[in-house]
Structure formats: structure tokens, C-alpha cells
Amino acid sequence: MNDPHSAQLRRELVDLHRTLVEAALVVWTAGNVSAKVDDRHFLIKPSGVPYDRLTADSMVLCDLDGRPVEGQTLKPSSDVFAHAYVYRHRSDVGGVVHTHSPYATAWAARNEPIPCVLTAMADEFGGEIPVGPFALIGGADIGKGIVDTLAGRRSPAVLMRNHGVFTVGETPRSAVKAAVMCEDVARTVHLSRQLGEPLPLREADIDQLYDRYQNVYGQ
Amino acid sequence: MNDPHSAQLRRELVDLHRTLVEAALVVWTAGNVSAKVDDRHFLIKPSGVPYDRLTADSMVLCDLDGRPVEGQTLKPSSDVFAHAYVYRHRSDVGGVVHTHSPYATAWAARNEPIPCVLTAMADEFGGEIPVGPFALIGGADIGKGIVDTLAGRRSPAVLMRNHGVFTVGETPRSAVKAAVMCEDVARTVHLSRQLGEPLPLREADIDQLYDRYQNVYGQ
Amino acid sequence: MNDPHSAQLRRELVDLHRTLVEAALVVWTAGNVSAKVDDRHFLIKPSGVPYDRLTADSMVLCDLDGRPVEGQTLKPSSDVFAHAYVYRHRSDVGGVVHTHSPYATAWAARNEPIPCVLTAMADEFGGEIPVGPFALIGGADIGKGIVDTLAGRRSPAVLMRNHGVFTVGETPRSAVKAAVMCEDVARTVHLSRQLGEPLPLREADIDQLYDRYQNVYGQ
Amino acid sequence: MNDPHSAQLRRELVDLHRTLVEAALVVWTAGNVSAKVDDRHFLIKPSGVPYDRLTADSMVLCDLDGRPVEGQTLKPSSDVFAHAYVYRHRSDVGGVVHTHSPYATAWAARNEPIPCVLTAMADEFGGEIPVGPFALIGGADIGKGIVDTLAGRRSPAVLMRNHGVFTVGETPRSAVKAAVMCEDVARTVHLSRQLGEPLPLREADIDQLYDRYQNVYGQ
């Protein structure tokens, strides 16, 4: 577990938590990022530690049941079981992010999915951002809600009812990107709806935009 | 009063005022933090001094009637009597914070409590954030309004009508945390209500969330 | 005009413009601060110069008709005649600020004064923040609108219809404070009104709050 | 292409992208600035590169059909064909900016132009900010929508339906200014409309304000 890959991943996790702060997606200690290390382990934020005190060493190494491996000095995030469930059931996922970002959580509190009315939403989410069930923290319920809700959808983000946002990605960085984009479109669609009804996008246009963005965009 | 404990507390108060600024809870000089020093004294922000000019030495040492002890060179915050009242009537309180943070104060101006519709609210506040009475500054009225309104509730935050937010904590840092979380949930619930009605949380779920957060969360 | 007082005032003007930027009251080059130097002159921001390129030397010295005195290398703000009119007609004013801060300007675009529903408004403004007439730039109309609207009121701020905010103060710093507080209360009252009707303050309470704040607050 | 002018332009483009970030007009990698170099070429942001990793060398040199000239190591922004179309059809344009800034995009999602109800809008845009058609990325459609919608108008900004903002200018800096001002007025008019109806400006007043701002303002 002290291999170079893991050390680099720990530093990247510190940076990605800072990105959550800079993007105003989290306050105090209420959000976290995790990163899969290998087939049996992932790293996650320690519980209740302020973002400006996070260090590479403070990240907690856990097995896929969410139990810290021997020798960890800090307790993992209390969301650890949700992250673990996702890694157990989605082998394609290399990073998970959780936030209470305000605009997205406002939709979640109403149990209302964010409709796909922006080309940027079609690009990143390939459709609406769905809402998952209400679930209490501490067991498998939140993780199961995330995985079941995302099944068969292109969206890497889910709004958990009355709670907040979970996003997944091939890498922790792509999960953070999805969290940033989720709040951005949650805000723009919220603002648009305040003064009327945004126009829907056609399904065929959403498909074309999503396909191009996933396959042509970037370097 | 020059013991090491007090010196450290003074530096912490300067840092906590900076946290209020960074969290955008205060503008100009309109908010303050105090810290209980011992059974008969507390430290508080000086009146009308800009946050970026606060120093450890500038914090004003007062007795529990809100009177500066001999030798203080600056006048205490004009909210000093509210803080003093809280310390006299709540021996469990080690820190008090006052802000006019915009979303929370918007609820206060309507005399409307913030309903508990987010798991993060259940965690930190254990129910709604209540509104206290309108009270003029300068005497015991604000302090009494705070203490009476918080009595029998789990919330460490109260919205004083047409005025702003007061929060309490075992330590000044936990009172600042409550002020940060209060504005965060005030904003998210406000946003949610703008486009419909957020779903309520069940009382039993609130109890379970609050209990876990207070007893399991953190290190 | 090269006396030490003027040099210090020029540096203070640079700092106060930076305060407008930090408080998010201005974008690009659309806001300005001026400072009275003596009975016949004031200093004002040069026209169209970005805030991060302002220097003490770049401030433009003008007479009370708004004409740059001989030897100025830059043109004054296009709002110079409004500032000049205020100085000519209000000998108690030592500083004037103009912004298009968004929440306050939103009230101005509706021609609607901001009602006094917050203790912080009673403290600083002693009542509602009034709206002045629509007036075109370049002559005496804006200045006359400011002076006439503020006459007989305690508010140091006026919303000019479809335009923005002007504030006055004994010093440029107190005018900047009024501009910061104006946007803060414009925002909080806006937010409060979005979900209902804020409760009014009683006239007698406003009087008592204003009196105390002006005479007791600060060092 | 390695002449001093081009090197300076590359550095300026890096700075202007930073301005978009500081003005909160863009998140992650979703916005771009381009600059015309000569009659046959322009420089544009590389696709999918984070703003804090942009360097002068990373800017991609393209011909007016949007094809990278030989020797470029990075792919241009996926919006390159829209920029290219504008340069081909508007020889007066030296810079183009694209953002998804939230308030302006909220108007775009409703297919609703921003009415000219602020003197600052009359100054910069000379009337309403219009909405262009929905168009898919990758061909000439977006560019044609921009050029056709701006034809015969004074506004340097257009809201592309369900998409975002494009602005043009004589220089890249003036196009960035238009993007900053567009979001600023989109926000203020949005806020004003939330609580009622902003008063319209008279056409003759808009003309006079626009004329003065274009010809008298600045140094």
C-alpha cells in the first residue's frame, strides 16, 4: 500500500478536495472524495477533518466493505459504506464524490430530477440528472440507492432525496468534474425556471451532443 | 488573564472572525464571536473594528455582566450584553457567534423558522431552526430571547426576528460551525422552496440522524 | 495639491476602489469613488481604467464644476458631474461612491425603494433606501436627483432609477461603507421577499436603533 | 507566426481566460476566447485543457476554416468552427468569446432576450441582448446563428438557445468585456424581474446613452 501509485493518488485526493472547496460545493467538512486503489481497496477522506488540514497521509485506506485496513490512525468518512457499495457493484468506477452543493441539493429536497435543457447537460449527463431514494446513513441503503438509480442511465450524477449529490467516474478527477458540472447546471436550470419554463431539448439532439462530447472533446 | 490559555483563545478568536469573512457570513464590521475564558469572564470582538485589523490583543475581556474589566483599551462589541446573558444562563456554552448572514436573515425578517428538510439539518440542528422575538439592542432582551427560544431544543442556532443569527457551542469553534451550517441550510432550503415544496423528513429519521451525527461523526 | 494630505487621500482612494471590487459591488470599470480635497477640489477615478491598474497618481483632480484642473493627464470618470453637483450642494459630504451593485440596482430598475425591515438597515440608513429619478449622464440631472432625493432623509444611499446606487459620507470610507451595506440589505430584503412578506419595523424602533448606532457604536 | 505580435497575443489570451475564471463566467473547461492574428489566422484555446494549465504556447493557431495549421500539438476548442465562421463573415471582429455564464444561459434556455432596462445595458449593448437559434456543435450552424442574429444590431452579445453566450469585439479584450457585462446585466435584470417588472427605457434615451458611451467614455 506504500507503492508510488498509492502515494500519488493520496496527493491527488488532497488536491481534489481543495477543488470542491474552490468550486464552493462544500462547507466545513460536509463532502468527500474517494479513489479506488486496486481491486480490493480504496482511499477516502477522514471523518470530520477540515479541508485545509487534509494531508496525503490522512487519507484512510479501506477495503471494499468500508472497513479501514489495519494500521489506519484516522476514522474514514461516515459516508464510507456508500462509497464501498458503489465500488463493489460498479467495477468501472474509479472515483466517487459526495457533496451537499446548494442548487443540486435544492432539487433533491423537492425530489425533482433536473431536466436536460442545456447543451452542457446533454454533453456531460446525456439526459436528466435523476433523484434516488431517501436513505439513512451508515449501512448499504445509500450505496444501493446510488447504484440502482444510475443503472441504465448515462448520468454520472444522482441526487439523493433530502440529502445531496453523489457522482461517479472512471477516475476521482472525472467524478469531481461531474460534481462541478452537476452544481453548475442545477443552478442554471434553477435560475431559468424561476422566470418561466426552459425549452426542452429533443432526444435525438441530446444523443448527438452526448456522443460527440464523449468521443471528440478534449485532447 | 495573561495565562497561556487566554493568549491562545485570543489568537483563535482572530482566526474564527476570519472564518466568518471567508464563509461570507459578515460584511464590514457586522458580526462577532466571543469565547468564555473562565467562570467569570469572556473575550469578545471590539466594536466597529474591521476584521482585517483584528489582533489577539484587540479582543476585549468582559465580565459576565458584559462590562469590560479594568485595563481594556477598546470598547466591546455593542452585542456584548446578548453574549453575556447567554453565558450567565447557559453554563454549557463556551462560545457565541452573531451574524447577519443573508439567507438566514431573510427567514428571520419573515419571522419564519427554517423547516428541517435536509439530512444535514437533522445532523447539526436536530430539527427546525427557530425564530426568536424582536428585541432592541443594548440590554438583556436579545440575550433572553436567545436563551428562551433555544430552551428545550437541540438547535444551536436561533434566528432573531428582523435581525440576524445567534449560535452557541461548547467552544467558539463549534458555535462558528453552527453559524456556517445555518447559512448553508438556510440557502439550500430557500432555493428549494423557490420552485416548489421540499419534502419533510420524518421525526424518527431526524432523531436517528441527529443521534448518529452527535455520537459517531468525526475523530 | 501635492501636500501630504492629498497624497494620502490618493492612496486611500486606490484602496477604496479595491474594496468595491472585493465586496463584488462593481465589474470591469463600472463604479467609482471620489474624495473632497478642499473647499474647491475633489479627486475621482479616471474614466474607463481597470481597478487593478489604478494608482495614486492616476486619480484626477477636479474643481467643483467637475472640470479637471490644469495638468491632469487622464480624463475623469464620466460620472464626474454627478459627484461635483453633490459636493457643491452638500458641504457636509467628503466622499461619494457610485456602483451598479446587482441587488440594489434590481430594486432601482423597478423604481421601488428598499423597505426598512432589518435592524441593520435601521442602524445605517435610518429608514427605507429611496429611489431617485431617471436622469441622463453628462449634466447636472443625476447630481440634482441624488441631492433632492436625499434631502430630509437619514439614508446616505439613493437608488437612481434604471441605473444604480449613489452613496455619500463624511469621508470617502464612510460612503464606501454605505455602498457595501446598501447591497447587503438590498440582497437580504430581496431574498426575504422572494418567499413572502418581511415584517415591518416600527418607526419608534427604527429611530432608537439609528440613534444608538450613530452615537454609541464603534470606538 | 512567431512574430512578436503573435507572442504577445498568446500571453494576452492566457490572461483573458483567467479573467473569465475570476469573473465566474466559466467552470471546469467550458468556455473559450479566440483572437484574430491576421487576415487568415486566429488563435484559440485548446480543447478540454483546464484554465490553470493554459500557457501561451498551448494556444492553437487555426485558419479561417477552423483547421489547425501544420505543427500544432494540441487540438483546438470544439467551438472552433463557430469562431471561424464569425471571423470569415465579420471582418470587423478581432476577438470572440464563448461562455455558459449562468444568468445569461438561464435566459437562453427560455429563448428569451434580455430587455434593455438598465443604463449600463444601453451603454454597452445599445438595446436588448438577442437570442439566436438552437444549433448543434461541430459545423457552421452555431457561427451562422451568431452572425445572423447580430446582423443589424448594436449588441456585441448573443444568447444561443439552450446553450450559452457568444460575444464579439474589435479586440479579444473588448469581447471579454462584453461577456462580463452580459452576465452582469443578465443577473441584475433577472433579480429585478423576480419581484416585479423593471421599467423600460425609452428608445431615445437608449440611443443617447449608447452614443455617449461609445464616443466619450474612457481615455
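Read from first to last, the chains carry the letters A, B, C and D; within each, the first residue is number 1.
FYI, a residue touches a chain if its C-beta (ideal position, glycine included) is under 8 Å from a C-beta of that chain, and two chains touch if they have at least 3 such contacts.
Quick caveat, the model's predicted, so the values are computed rather than measured.
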Same vs different contact residues, chain C with chain D, by half of numbers used: different
Whole-Å gap separating chain B and chain D, where each centre is the average of the chain's CA atoms: 44
Distance between the centres, which are taken as Cα means, of chain C and chain B, whole angstrom: 31
Per-residue multi-chain contacts in chain C, two or more chains: 194
Touch relationships between chains, expressed as pairs: A-B, A-D, B-C, C-D
Residue numbers on chain C that touch chain D, as the complex places them: 27-28, 30, 46-49, 74-75, 78, 100, 102-103, 105-107, 109-112, 134, 136-138, 161-164, 190, 193-194
Touching residues (chain side chain C, partner chain B) in the complex: 23, 117-120, 177, 180-181, 184, 187-189, 191-192, 194-199, 201, 205, 208-209, 212, 216-219
